[in-house]
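Just below sit the structures, each encoded as structure tokens.
The same chain A turns up in both complexes below, where it pairs with chain B and then with chain C.
Let's look at the complex of A and B:
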């Protein structure tokens, strides 16, 4: 049993990678889906706004990519991509902890960003010239996903250097 | 960094020249016309709404005719046509087309009437097709459907839905009949939904049989032909093929007018322009023989227009200072002008503040490049924009401006990519390791970073991001100082700008000389800076507490407001931390690019592996460019609008919106 625990570092690291990717991915999927529904509704009336509403739909897509990014960073640091490395239990747990910011912040920020994006799509449908301002509101929400990404990335780079 | 001076222009001229003058002004597009507010016994407003409506109607007709034409005679459209912009006509071409206007309009009406004819025939065709549908079950009937019987017999022609077989009908009828009645049932047609029957009975039993039939669900058919169904079918088919012929003929007529496709676009523009000119009559005042007009004109154009109107039309043109309500037109050089669009999407500056475009442009390109930070992507972006700009000279001004902006952003992206050693991620090392099995050549910038690799030393890049942020914020405060000095409000410079310089600058100095921050930043300032910084911050804080509530006369409230003002320091903290996105988004671009390269090499060195690599490379990097360019654009805007503008910019100016040719397809080039 103790041997099992001693070798479970890799498991925890992988759990971290999976967690970051799937939570942020779920958030983005929900977000892009919601914004997409609103965007399609606008297209029914104003097909010429396609380019603009598409950008709104894509705004909540970034969290999923941040999650993927953190996932890949972990995988390559623990040797699941590239060469194999020894991972201690502590390191594995550290990687798992490092994945938490982007996992949760990605999930929630994508969902709330999509609400802003839906409202922005409404704004652009009525006033296409207000695109510049309308796109800024969802971007505000994204800030927190970026901050979480930053901490997750710095932590992973830091753990790798330990 | 400048706003053009605006002048108010008043034009007084004879009414007979009015239309010509308006046409000239429209073509020059340098005057924003304002409503003249005089109405008295001499001057009045011409009501031209009827003309406007009429011309708009014609423009609309031309538009519809053109759409119809495009439907029957499809026009080729290039992928890059949207970059081409409006076609330029010379004055002579314009006049020639304008002379053709009645002829084009006739063509437009012809097209509309052909289309109407087509629609009418289509509608009739549908009606006949429905009849055909209804008569189909009755084709086996060899008498007209109106046949009611002979001298001694009575016929019932109708249907049962749901269907009944003749045996079922007979048994069911028996319930309502005495049994003496004679009748004969013939099923003409039957399917899952209905059965069509021909029932013959003797005249004397007809009432009883008819009544019984109704009770068991007999219905008369909705459509009845007066001849035999087969004859009717032939008739209907003849009608349908007639309609088809007419539709085809009308389509041919429309196609014959294809040469009018471009001319119809001109007609639409021509009448839109005409309607716009009549709309101006709402804003000018006319008397029996003269008219008065007022508006704004940028100073550089004023003299030329005045001379022209005075010599050509003998008009009286007055120029005077425009004052604070004048609209705003910005003037910047080729490097900074492209960012005007970003500024305009926030707000134009008002007349009491400087135009921040040029300073903003430098930071805009810098930050965009740092967030996108890949030499390969930067080159792709700069090349794409550059080629479009060279190839499509007639591009619309707004699009052209964005293209120029993204060109410079691309240049900056290339610069940062070289600094960070990112060229399509790590494309060169990956390709040389996987497919050539050698270490990559150490090309500076493309393989080896000119400065450092952000993944290996993120803290350093983070510190640089914060430093750039602090410079950005301080420059914003500097612009506020400039504005205050321009408005001769010197005290405010000390209270609102210098105080924050001292507080924030001092706090940073002090922090950097502590050991805790030193560990994070990687360097420590000598201890003396802790003292200097502390004193600076304290002086700044005192000024803020004492003076930021200075508009209140009550000393207690003033002090409270001052303390609240000091709370604004937390705003500076979050503003500076906000610049960490420069690092985060920059790293995101680079690492995602590396991920795609890694995925591409999944099949290793084989012919198939090369194909997979090329596919993944093309698709992956296209996606990465799209999503990260969007991110860099949005977040650069955010840093400008929230962090930078938040420090000094009030905006609220009104953009200059001159009376000009506002068309969709053509513009007119002046010969002279």
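Let's look at the complex of A and C:
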């Protein structure tokens, strides 16, 4: 059992990569789906608004990309992409911890951003000239996903230098 | 699984831009005659590809378009039963009266109802009340017996109206949507107030009034019926102590002024739904707004036919949702 734990650094690092990609990806899938439903509703009534509502729909997609980025970074640092490396249990656990900010923040910010995007789609359906202002509201939610991405990335880079 | 209304609300959001506003109603009112008013409505998207010239046909078409649209965007129609159930009770009155008079219900049945009107008529004419929804069975038996024994159409209507109000209140209590709860409560409370006022004018007994009223949360029907058995001023004195204090002036003016107060009150409460992105609230608000719009258009068009003055119509026009 102790031998397993001594060699499980890579496992924890891989768990971190999977966690970041999975959680943020789930958030984005829910978010893009929800905004897409609202966008389809508006398009059924006014197809000329396609370009505008598409941007709203894509806003919650970014969290999934951030999760993927963190996942790739971890895989690359632990040698699963581009050559094998020795990863200690501590390093593995640290990579796992580094994935948590984008995993949780990605999940929740994508869901809440989609709610905001749905409301924005409603605004554009009524007042297409207010697109510029309406897009700002869901974009604000993005800030927190970016902050989480930043911390996850800084942590991964820091762990690699240890 | 609870229905997600995101798609429906998004479609409603766009449709709200086509609702008539107060300015549109004034333009309609200023139209020189009915054909010009209908032309204005057609410019606003009313009617279909056929050139409908009759006002009533145009309004029926709009009603049908509204419910076809709602059927298209919401799969679980039961959520709107509180709006359609009064049509069922209307059809029940028609069926009972036609059956007892051995007449056909042609043209009197409303089709925007929960139960199929002909099915309902058939069940009543064959006395197969178990084929009716459970909430209709007892009142059908009672109303049929009352009509056959007394030939009193008013008593028959009273029994059915009370059952209708009670069922709408039940539907309101079952709903977790604030707008639906409010609508159902107001439906019963305004019904009770109208019964009280009419009964006071016709000097009905306390027992009769109490029998006609439906229980609701915002009014104590014991007190209201006792006040109605006294006189009109007693009703006003009681209402001044309730949530309907604001309606007292309208009630003093007329019943149509009170109906306008109810519609305006509901419109005011519903305004917040214009920017609510989720839930059934915006859909309910849109349906009520369209119904309100049709009432206003019917009023204007009938005023044109009957040469009523613009001022008279303006006094009766409801405030619009947009």
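Criterion: the second predicted complex is superposed on the first by the 162 of 162 C-alpha atoms of A that agree within 3 Å, B and C clash if a C-alpha of one lies under 4 Å from a C-alpha of the other, contacts with A are read in each partner's own complex, and residues count from 1 in each chain.
Keep this in mind: a contact is a pair of C-beta atoms (placed from the backbone, for glycine too) under 8 Å apart; a residue touches a chain by one contact, two chains touch by 3 or more.
What you see is a predicted model; the values in this text were computed from it and never measured.
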- Query: chain B versus chain C on the shared chain A, clash or fit?
  - Reply: fit
- Message: Applying the document's definition of touch, where does A:136 land relative to chain B and chain C: first, second, both, or neither?
- Response: first
- Task: With both structures superposed, pick whichever of chain B and chain C touches the larger number of chain A residues.
- Result: B
- Task: Determine, under the contact definition given at the top, whether A:89 touches first (chain B), second (chain C), both, or neither.
- Result: neither
- Query: Who does A:29 touch here: chain B (first), chain C (second), both, or neither?
  - Reply: neither
- Query: Taking the superposition as given, does A:73 touch the first partner, chain B, the second, chain C, both, or neither?
  - Reply: first
- Query: What is the value, to the nearest 10 degrees, of the angle subtended at the Cα centroid of chain A by the Cα centroids of chain B and chain C?
  - Reply: 50
- Just how close are chain B and chain C at their nearest CA atoms in the overlay, in Å? 10
- Footprint intersection on chain A (chain B / chain C) at none
- Write out the stretch or stretches of chain B touching chain A in their complex. 342, 345-346, 455-456, 458-459, 462, 577-578, 580-581, 583-585, 587-588, 591-592, 595, 598, 627, 630-631, 634-635, 637-638, 641-642
- In the complex of these two chains, what residues of chain C are touching chain A? 4, 6-11, 13-17, 73, 275, 277-278
- Could you pull out which chain A residues touch chain C in their complex? 34, 37-42, 44-46, 115, 118-119, 121-122, 125-126
- Counting only contacts in the complex, chain A reaches chain B at residues 55, 58-59, 61-62, 65-66, 68-69, 72-73, 76, 81, 131-133, 135-136, 139-140, 142-143, 146-147, 149-150, 153-154, 157
